[in-house]
Amino acid sequence: MRRLINDPYDVVEEMLEGFCKAHSKYVHLYENDGRVVVSNLAPVKGKVGIIIGGGSGHEPLFLGYVGENFADAAVIGNINTSPSPESCYNAVKAVDAGKGCLYLYGNYAGDVMNFDMGAEMAAEEGIRVETVRVTDDVCSSKNIEDRRGVAGDFFVFKVAGAKAAMGADLDEVKAAAEKANANTRSMGVALSSATHPATGKPIFEMEEGDMEIGMGIHGEPGVRRDKLQKADKVVEEIMSYIIPDLPFITGDEVAVLVNSLGSTPLMDLHICYRKVAMILEEKGIKIYRSFVGPYATTMDMIGMSITLMKLDDELKQLLDYPCSTPYFTIK
Amino acid sequence: MYDDFILDKDYFIKVVEDIINLIEEQRDYLTDLDSAIGDGDHGFNLSIGFREVKKNLKDWQDKDLTFIFKKVGMTLLSKVGGASGPLYGSFFIKFGEAAQTKNEVNFKEFYNMFKAGIEAIEFRGKAKVGEKTMLDALKPGLDAFKDAIENDLEPKQAFEKFVEAAKKGAESTIPLVAKKGRAMRLGERAIGHLDPGAASSVMILEAFLKNMT
Amino acid sequence: MRRLINDPYDVVEEMLEGFCKAHSKYVHLYENDGRVVVSNLAPVKGKVGIIIGGGSGHEPLFLGYVGENFADAAVIGNINTSPSPESCYNAVKAVDAGKGCLYLYGNYAGDVMNFDMGAEMAAEEGIRVETVRVTDDVCSSKNIEDRRGVAGDFFVFKVAGAKAAMGADLDEVKAAAEKANANTRSMGVALSSATHPATGKPIFEMEEGDMEIGMGIHGEPGVRRDKLQKADKVVEEIMSYIIPDLPFITGDEVAVLVNSLGSTPLMDLHICYRKVAMILEEKGIKIYRSFVGPYATTMDMIGMSITLMKLDDELKQLLDYPCSTPYFTIK
Amino acid sequence: MYDDFILDKDYFIKVVEDIINLIEEQRDYLTDLDSAIGDGDHGFNLSIGFREVKKNLKDWQDKDLTFIFKKVGMTLLSKVGGASGPLYGSFFIKFGEAAQTKNEVNFKEFYNMFKAGIEAIEFRGKAKVGEKTMLDALKPGLDAFKDAIENDLEPKQAFEKFVEAAKKGAESTIPLVAKKGRAMRLGERAIGHLDPGAASSVMILEAFLKNMT
């Protein structure tokens, strides 16, 4: 194993302790629940509470985006595993300012069950909690509502965070997040597995020199495995799934995210980005804003995903809206 | 016959202890199963939960079965998370509720506990048999258990039918395409692999069987 | 090989093309030299030009820190290889606003030769260029002036960038950068090699399960190789070199950087950070501000480095000074 | 004897072509040497530079030796970077300058070209013999070359002495602790490894020897 950890059963707690110390200007752990990372500004008067969350191992997702004008809290599960209903509920208690809260997370069976139970608990207390599940991974299902959420989480969360920061009510925030989700499509490629700290072993097997197109951010198998191709070829193939899916068409304006799954150098990401930009240019799709780096990872997995979000004026404004968190800041 | 067959608290505590040990022993096996078709953590997830159960079991032992299994379930719910946390969590909570705060149950009540627990899994997960989940083991198992009881089999024999059918059900997941959980989107590629949740369900049932005299 | 590239001889050019497209709000390539990444704001009237640079493969160092109130230009070499004298000189041409320029880079034989030749060329044109070489790697030599620059680059560059942005003259900016360098100490550990894209092979051999304490950011060997230990042990050992070296003592205030060498998950970095904070607390050294993430990498190397900078009021102010670049922003 | 031994432009062009090929062939070998004690790129660095030389050599061929080697040197300087770029770059620029814009040189002038080139490496790198760099090959080589000329050896024989001594010098780096360049901070651990720059220097000299008739 090539991981720097102590006892594998303590990784999440130790990470959270380190995180809240390192970024104490932004966040702290909720006093009643060590799995709820709360913004120092929350609850923000007059603002809908933005609660994101999911399994650990995708850092900086989710906890890295808690702060000013983005998420108010992140609920933290075990590795690759949804947080508990109790923690989802506690997050509501921690950030609700009387305007209700929005749960935002990737659409996985486990997360749905746990967050839904959390919402039920909140409802019993009379706090309104709505939910938007991110479903951006084009190759995870034919039915959009069955699709998983991957790096598109970042766009949907950013939009929701900005909308809430602008003072919108829960229905408006939810509508903006739903629009962002409806306009967002992603797909990835993995060149390696990730190391589960408990077993010290890869969470699935993958030969050096292979790649898997469509791999999920928990290592869920993709659409096909093959010998690794040149970056341009790989990008072409991924784009050939993403573009017709929405579809993105000539005249559209998009935000682009070329995301590292953990261990892909920025060098490689920018080589991939270059090809993404060339393809979009060819198709007459205009790039409004781009993000390149590790935004939603799978621990030490080598790989990359591409996300496009089709923009209108509202989404542009929300994407550009200033925010300040440990792992994402717009001035 | 079934009214006289009493399962006391000692029995249930031993079963829980056995489950704790089994999950620890089989952690890597279950995780390997999940590697093939899921995200490679099922054994680790359960071990996080049952390690916590182990830590606290002593403190719960004096209470009734409903209390004990509520605690077991709540622990899984809060420490495991994921898909298996709420599913097994709900299972144990409802399993205990059906014991109606007693300290021991007869065999008919014992059946009702499983029925309630498995229904909770169905309710939470909304899965159906044939979707390559733990239900593929538990549902046919429960049906066989019910049949056995209706046919007046000896208690232990009846429970053997439960485990047998659950095992067969688990194996039936091997050729299946998954329709729920993470394996869902695997399509054809899930074929040929045993569902990890079905495998852990069988282990849990075996702990119940093993301690039955 | 597990890298997403095209022709290995094109990696740097393709990366730069992708980079300048993705971050076109901040930077562009200098018209006369494809290896000089220039801030869109440069030359900034009345400001000393801040020029950073070195080999490629350390991204986001150097080019990721070009932008507002940080570096005005980055000069880009081949992988692990200093840029050419011509490019160092061209960077001066691109950003000099009449107040002179400061070269800032890690202290490596190749960089020294090339930047010095660049400075000579600028001097011939009557442009004053001063140099500060970063020498933060405690285990690279007994003599401080022989030491290499590693992740401490980030602190020294940040301080110089802020000082220049505040309108200081070249001597003042140089003095601030020299103070930052004198107050900064780093040391790292590697758990793997990095993949050179040309050969497709690791730049040196390292067995899985081993670690090398003191490894340099080009894979230069460190002080000892051993079986990988638990994170807390590794951090303890590294801190035992760093702390007595300056020395950092009770009552000091420091900035902390726990840096990924490329492929170390944020989870592991924060587990390491937790122990760093515990050790500093024990010693009565106060943490003023912390940075955790990939700031100076070695492509896909797995490993981590710790950097401490001792602060005074001026350094605090300069560290906190707002800036905005593709890979580092303070609001 | 030395005045009559003329080395013409064809000779130098062939040498450059041979160097280009040698560096390409030996790229991975040189890189491996650098992996052991440096940062694993020496061969790749030189190949980037000499590939660029190869692209442009045709355009320079009509010009004099000073021009040609200035271009070779400038190309290495601007395309290679690192330590070896400025060192070999300076070497070739000064090597050419010593040819005083001629199209051919006699053997004495040929010696002066190497002298000027190697001095440029010394000036740029400030290294001394025994510090485990390319100079450990070039300096003793040049000394032997000078001795051979002072002893009136046949031109080709004299150059053989150069190469021989350079080879021995390169090998002498194996047991050394490095005092310059990236390997410097390796301490004892550099011991046992041939210096990559010394190795590439010998290759370059061998190309000069091979084409001598």
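By written order: A, B, C and D. Residues from 1 in each chain.
We take it that contacts are C-beta pairs under 8 Å (C-beta built on N, C-alpha and C of every residue); 3 or more make two chains touch, one makes a residue touch a chain.
On a predicted model such as this, the values are computed, not experimentally measured, just so you know.
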Minimum number of chain-to-chain contact steps, subunit B to subunit D: 3
Farthest chain (mean CA position) relative to subunit C: B
Chain centre separation (subunit B, subunit C; CA means) in Å: 54
Distance from the mean Cα position of subunit C to that of subunit A, given in whole angstrom: 28
Interchain centroid distance [CA atoms averaged], subunit A/subunit B, Å: 32
Contacts with 2+ other chains: residues of subunit B: none
Chain-level touch network, classified as line, ring, star, complete or other: line
Pairwise chain contacts under the document criterion: A-B, A-C, C-D
In the complex, subunit C residues that touch subunit A: 1-6, 11, 14-19, 21-23, 25, 56-57, 59-60, 64, 189, 191-192, 197, 208-209, 228, 230-232, 234, 256, 258, 262-275, 277, 287, 289-294, 297, 299-300, 302, 304, 322, 324, 327, 329-331
Touching residues on subunit A, where the partner in the complex is subunit B: 9, 55, 77-87, 108-110, 113-114, 117, 139-141, 146, 148, 196, 198-199, 202-205, 216, 218-221
Subunit D to subunit C touching residues, read off their complex: 28, 31, 35-41, 44-45, 47-48, 51, 77-87, 124-125, 180-186, 189
